[in-house]
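Common to both upcoming complexes is chain A, partnered first by chain B, then by chain C.
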Partner chain A sequence: MVRIDAGGLHYKVLNEKIWEAVDSGEKEIVLDNVCGQRYIGAGIKSRDIKIEINGVPGNDLGAFMDGPTIIVNSNCQDGTGNTMNDGKIIINGDCGDILGFSMRGGQIYVKGNAGYRVGIHMKSYKDNFPVLVIGGFVRDFLGEYMAGGILIVLGLEKDRDGKVIGNFVKTGMHGGEIFIRGEIEERQIGEKTEDLLATEEDLLRIEPYVKEYCELFKYDYAEIMNEKFYKLKPLTHRPYGRLYAY
Partner chain B sequence: MNRFNVDYYSASSFIPIPDKDYRISSACGISGIMNRSGRSFNGEMIMKSMEIMHERGNGLGAGFAAYGIYPHLKGFYCFHMLYDDEFAKEETEEFLKKKYRIIESEPIPTRKNPRIKEVHILWRYFLDAGFAETSSEEDEVVSTVMFINEKIKGAFVVSSGKNMGIFKGVGYPEDIGDFYRLDEYSGYIWTAHNRFPTNTSGWWGGAHPFGILNWSVVHNGEISSYGINRRFLENYGYKCTLSTDTEVIAYLVDLFMRKMKYSHRVTSKIFAAPFWSEIDNAPENEKNLYTALRMNYGGALLNGPFAIIVANNQMMMGLSDRIKLRPLVAATKDDFLFIASEEAAIRVVCKDPQKIWSPKAGEPIAGFLYSGNREEKITETVALR
Partner chain C sequence: MAKTRTPPEFILERDDYKCIRCLVCVRVCSYGANFYDEKENRVYTENSKCVGCHFCEAVCPTEAITVKRNKFDIKPSAHWTSEELFDVIKQAETGGILLTSMGNDKPQFNYFDRLVLNASQVTNPSIDPLREPMEIRTYLGKKDAYLEIFEENESQVILKTEVSQQLKLEIPVMFSAMSYGSISLNAIKSLARAAETMGTFFNTGEGGLHKDLKRFGKNMIVQCASGRFGVDIDYLNSGAAVEIKIGQGAKPGIGGHLPGEKVTEAISETRMIPVGTDAISPAPHHDIYSIEDLRQLIFAIKEATRYKKPVGVKIAAVHNVAAIASGIVRAGADFVTIDGIRGGTGATPKITRDHVGIPIEFAIAVVDQRLREEGIRHMASVVVAGGIRKSADVVKAIALGADAVYIGTTALVSLGCHLCQRCYLGKCNWGIATQDPKLVKRLNPEIGARRASNLLKAWTLEIKEILGGMGINAIESLRGNREVLRGVGLNERELQILGIKAAGEAW
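Right after this comes the complex of A and B.
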């Protein structure tokens, strides 16, 4: 294990130090005093590397990351998991906007809440299948332009207005699934909610991810599952087909 | 030759002015720190907060607004000026002397910074308007500023409030702060901006904050409605001359919050008006209010992405556009209120805030001085709710 004191370091210097540690065969890297340094873990391609972050990492944490596990012991800023390919990001706090932006694979677990445009343009391809689990609430534009993977909002904490998701959910969505635990309204998602309750079979698909969330952040799985879940799917495979083609 | 293959320079006498004749858009960083007890602290804290967000700018503009920095002359309007040359300075002074008693006239103190290229004469005046403090006196000062900016070639008023000042220029925030010796000033509200102009090169007057009277505005984003807002403001005597979209926000704030005496909440709902679909679903009294605001002040709606921090001697307010196209984080610690583009910009100067949160899109965060006219808690509420 290697510890790096990130205090006062520019992001380029810090990331160089991380890459040096990776190149020299380190498997466990702990970063202390992180404050706003961008692109931590970006592009690292190895499944057996673990990076633990103390402090608030900057934007685009784990961008293009391909395999490692990142554990953040605080909040995260915007663009976490940007175009991430594989690996895992575990956040013991809240997260900013555009979480999982264009994510193509791997998993992100957020203990608390996340901001706007969560899962924007997430997509899956062959074996790559991105999964995002948010413990609390999210704001507007959840799953915007989403094209694949699974997005789970557990709603363990509610927003000030009592909501677990914002408005304009799944705008332009054309693939993947969104699971929401708790109450949702027709005007938030743009369609009637009655027929959207998740079936037993649906819930089996998210079981491993919810279980992992519970293990990571010490929640009771049975208790979490003892509440109704809604499942949102795209209305059409080509939401803009008619708009642009005719 | 530009991309439209038009040679403006030789084809006609038309010389395009950056941001005036063509638009500027930006993706910047903002930060604001307020001590609600009115306890002053020096400029190092805000500079440290901005330095963390160095990457949000590109060195083509930065600036700071500071409140409480001229306590010994707090009864006088302080004009921070940007002059192209001595002629502009002389002409401005002649003009000012006709309307005001000049209490102090001095260069704004600077120190040499290898990364700051000085191109303007930076001067400040403390002015006695001579009458009792009335709203008409403030209107008089506004028209003075408009006149100088519009009519006197090469003279620009950077700030025109009491016991406050704006310090801005072309450079990174840490360099601009060092250049203006902000470590030597003490204030109880500081706001700052790091600019990333993407369409044009930055100039000193185009850097943020923008100010009028005691108001200052820093802005991350771009105001697509600039043209409409500018025309709206012309009806009320405001002239946009500084060639950056943010200028309209400063004047709109003055119009609504000073002249029309609207609260920060109502003003926020004019700037970031709720969508009609949201208005339809609002309770009756809100529905009526929001409809009235949109009908009457549609020309003041700020379209496009923005996150702003507005301040005056009594308060500091943060607001983002209604669909959250720019980041904004707020935090509190004892008497301090922090608002910034990034959480890290707050954490670097306040390791353990009592509360740190992301405000909802289009809903203002405002902190008022405890001793101010308005005893209010830090608010994050829907207007009138």
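Right after this comes the complex of A and C.
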């Protein structure tokens, strides 16, 4: 294990230190006094590397990452998990905007809430299957253009208006599934909500991820599941299919 | 009203005296336009199916076939051409957006042909490129404003400045971003080999990277577009540079999508999406809503690739292009690619292709001017695209202020393309814009590579010839040298924006 004091370091210097540690074969890296440094873990490719972050990491945490596990012991900022391919990011707090943008694989667990544009254009391919679990509420544009994977919003915390998701959810969605625990309205998702309740079978699919969330952040699984879940899926897999004159 | 019978665009004339009934034209046409009547022992053509690609004409062993444009025309009107008429009919019948391919085909957007170059006469000697060295090598990337040199002792100096990564081009012409999917693997291989032979670069487009192309890494620019298809850390590391695609000249402001039926097994592998699903590239990058956000992605890529790759940004030439380019340079891009209104594409709504954006000539002039005025021209190279057809266009583009150019359509024409504008149908008879294995086989990548290399070789000779005639022996001295240009038939405002004088005006 290696400890790096990130206090006062520019991100370029800090990330170079992380690369040096990775190159020298370190498997466990602990970063102390992190304060807004961007791109931590960006582009690292290895499944057995673990990075623990004390302090608040900056934007694009784990961008293009392929394998490592990142544990953030506080909140984090925008762009977490941008275009990430594989790995795990665990956030013991809230998260900013554009969480999990275009992620193709791996898992992100957020204990608290997340901002706007969460899970835009997530997609899956073969063994790569992205999973995003958010404990609290999320803002507008959740799952826009979503093409694959699973997005789960547990709604353990609600926003000021008592909502767990914002507006314009799943616009242009053409693949994957979104699970939402708690109440949603027709105007938030653009279709009637009655037929969208998740079935037993559906819930079995998210069981491992919700269990992992409970294990990570010390919640009671049975209590969480004892509430209705909505499942949102694409209206069509070909949103642009009938637009053109051939 | 029943379906309108629209007249065919092309008429295929077959000289029955020359036709030997070999039926090769029947077999090759992917649109099924030619057919054989056994009873009559004659070959016929269903003209309405002909797209005018001239492939059967090229392979007919007896030159029996001539493909001609149908002279059919409506009553002459300055306002209504037959194209306008048939477009309305098509939309009345389908209710859909008109789709097209390749670049803008309208005459009013060409300015290169209204620019003329200078030559030396009496007062300054011209140079014979066959006898004297002529430098056209170009480096793309950030140039440092000054170099810090540390003198160790009298015989040794050490460069203290960490020089930015550069792309070395033996000729300032690269092959534009064309994805595997929009064009065939054999077409990309042809361009990749040509780029390797000629010491320049090809661009993967947004299609990800086919495994056969990995070995061309040092001559490859990989693209990261809004769909992030095929983008992972290995992909970013596999090329010589990364280009973030914001926009494209043929379709500024809109995204793109590859319909599910074109996502075959092989395409699914490079794009990293399941077979048969739509590959949708949103109009914006949803992590980029500002110049600051763009800077964030540029540096995310730089960090992820450990500052080993220059990162460029490609935009379409739009009204505010100069300010946007300035923002891109300040955001840390090593090169800015600007694609003009005549830029090509595999598929785009006709309305966007024909009406959105500005001609590249103006964009080059205003971007170069703006970057110079702000004192940041050295911080990034400017690569331009969109309508470069010949070496004269290259010379004029560089004289207006570009560092290098991209060619897309022209490169495909060197491989056989006859500009029928039907790339979106995926049935290209020339084996270029198709994924049908039978059609793809028609394009031999070795021959294709030779043809594309020949084109660049010819241009090298011509560029040197033109430079020599102007008394210039290095392309460096041409860049942004607008004194060598004069405008013909341009109004004062256009001359002013282009930063050139009218023909007849002296220094």
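Basically, the second predicted complex is superposed on the first by the 241 of 246 C-alpha atoms of A that agree within 3 Å, B and C clash if a C-alpha of one lies under 4 Å from a C-alpha of the other, contacts with A are read in each partner's own complex, and residues count from 1 in each chain.
Just so it is clear, a contact is a pair of C-beta atoms (placed from the backbone, for glycine too) under 8 Å apart; a residue touches a chain by one contact, two chains touch by 3 or more.
In this text the structure is predicted, and so the values were computed from the model without any measurement.
With both structures placed on the common chain, the touch criterion links A:Tyr145 to chain C but leaves chain B unconnected. After overlaying the two complexes on the shared chain, residue contacts for A:Asn59 are found with chain B and with chain C alike. In the superposed pair of complexes, A:Asn75 makes contact with chain B only, with no contact to chain C. In the superposition on chain A, contact is made by A:His121 with chain C only, not with chain B. In the superposed model, A:Gly172 lies in contact with chain C only, and not with chain B.
When the two complexes are overlaid on their common chain A, residue A:His237 makes contact with chain C while staying clear of chain B. Within the superposed three-chain model, A:Gly96 lies in touch with chain B and out of touch with chain C [touch as defined at top].
Looking at the superposed arrangement, the partner reaching more residues of chain A, out of chain B and chain C, is C. Once chain A of one complex is fitted onto chain A of the other, the partner contacts of A:Arg38 extend to both chain B and chain C. Overlap of the chain B and chain C interfaces on chain A comprises residues 11, 38, 59, 117. Here chain B touches chain A in the complex through residues 52-53, 55, 277-278, 281, 323-324, 327, 329, 342-345, 347-348, 356, 358, 360-361, 380, going by the rule given at the top. Considering their complex, residues 11, 35-36, 38, 55-56, 58-59, 75, 77-78, 94, 96-97, 115-117, 139-141, 159-160, 167-168, 187 of chain A touch chain B.
Interface residues of chain A facing chain C in the complex, by the touch rule stated above, are 11-12, 15, 19, 38-39, 42-45, 59-60, 63-66, 79, 82-83, 85, 98, 101-102, 104, 117, 120-121, 123-126, 128, 144-145, 147-148, 172, 174-175, 237-246.
Within the complex, the chain C residues that touch chain A are 90-91, 93-99, 227-228, 231-234, 236, 257, 259-260, 268, 272-274, 277-278, 280, 282, 286-287, 296, 299-301, 303-306, 349, 425.
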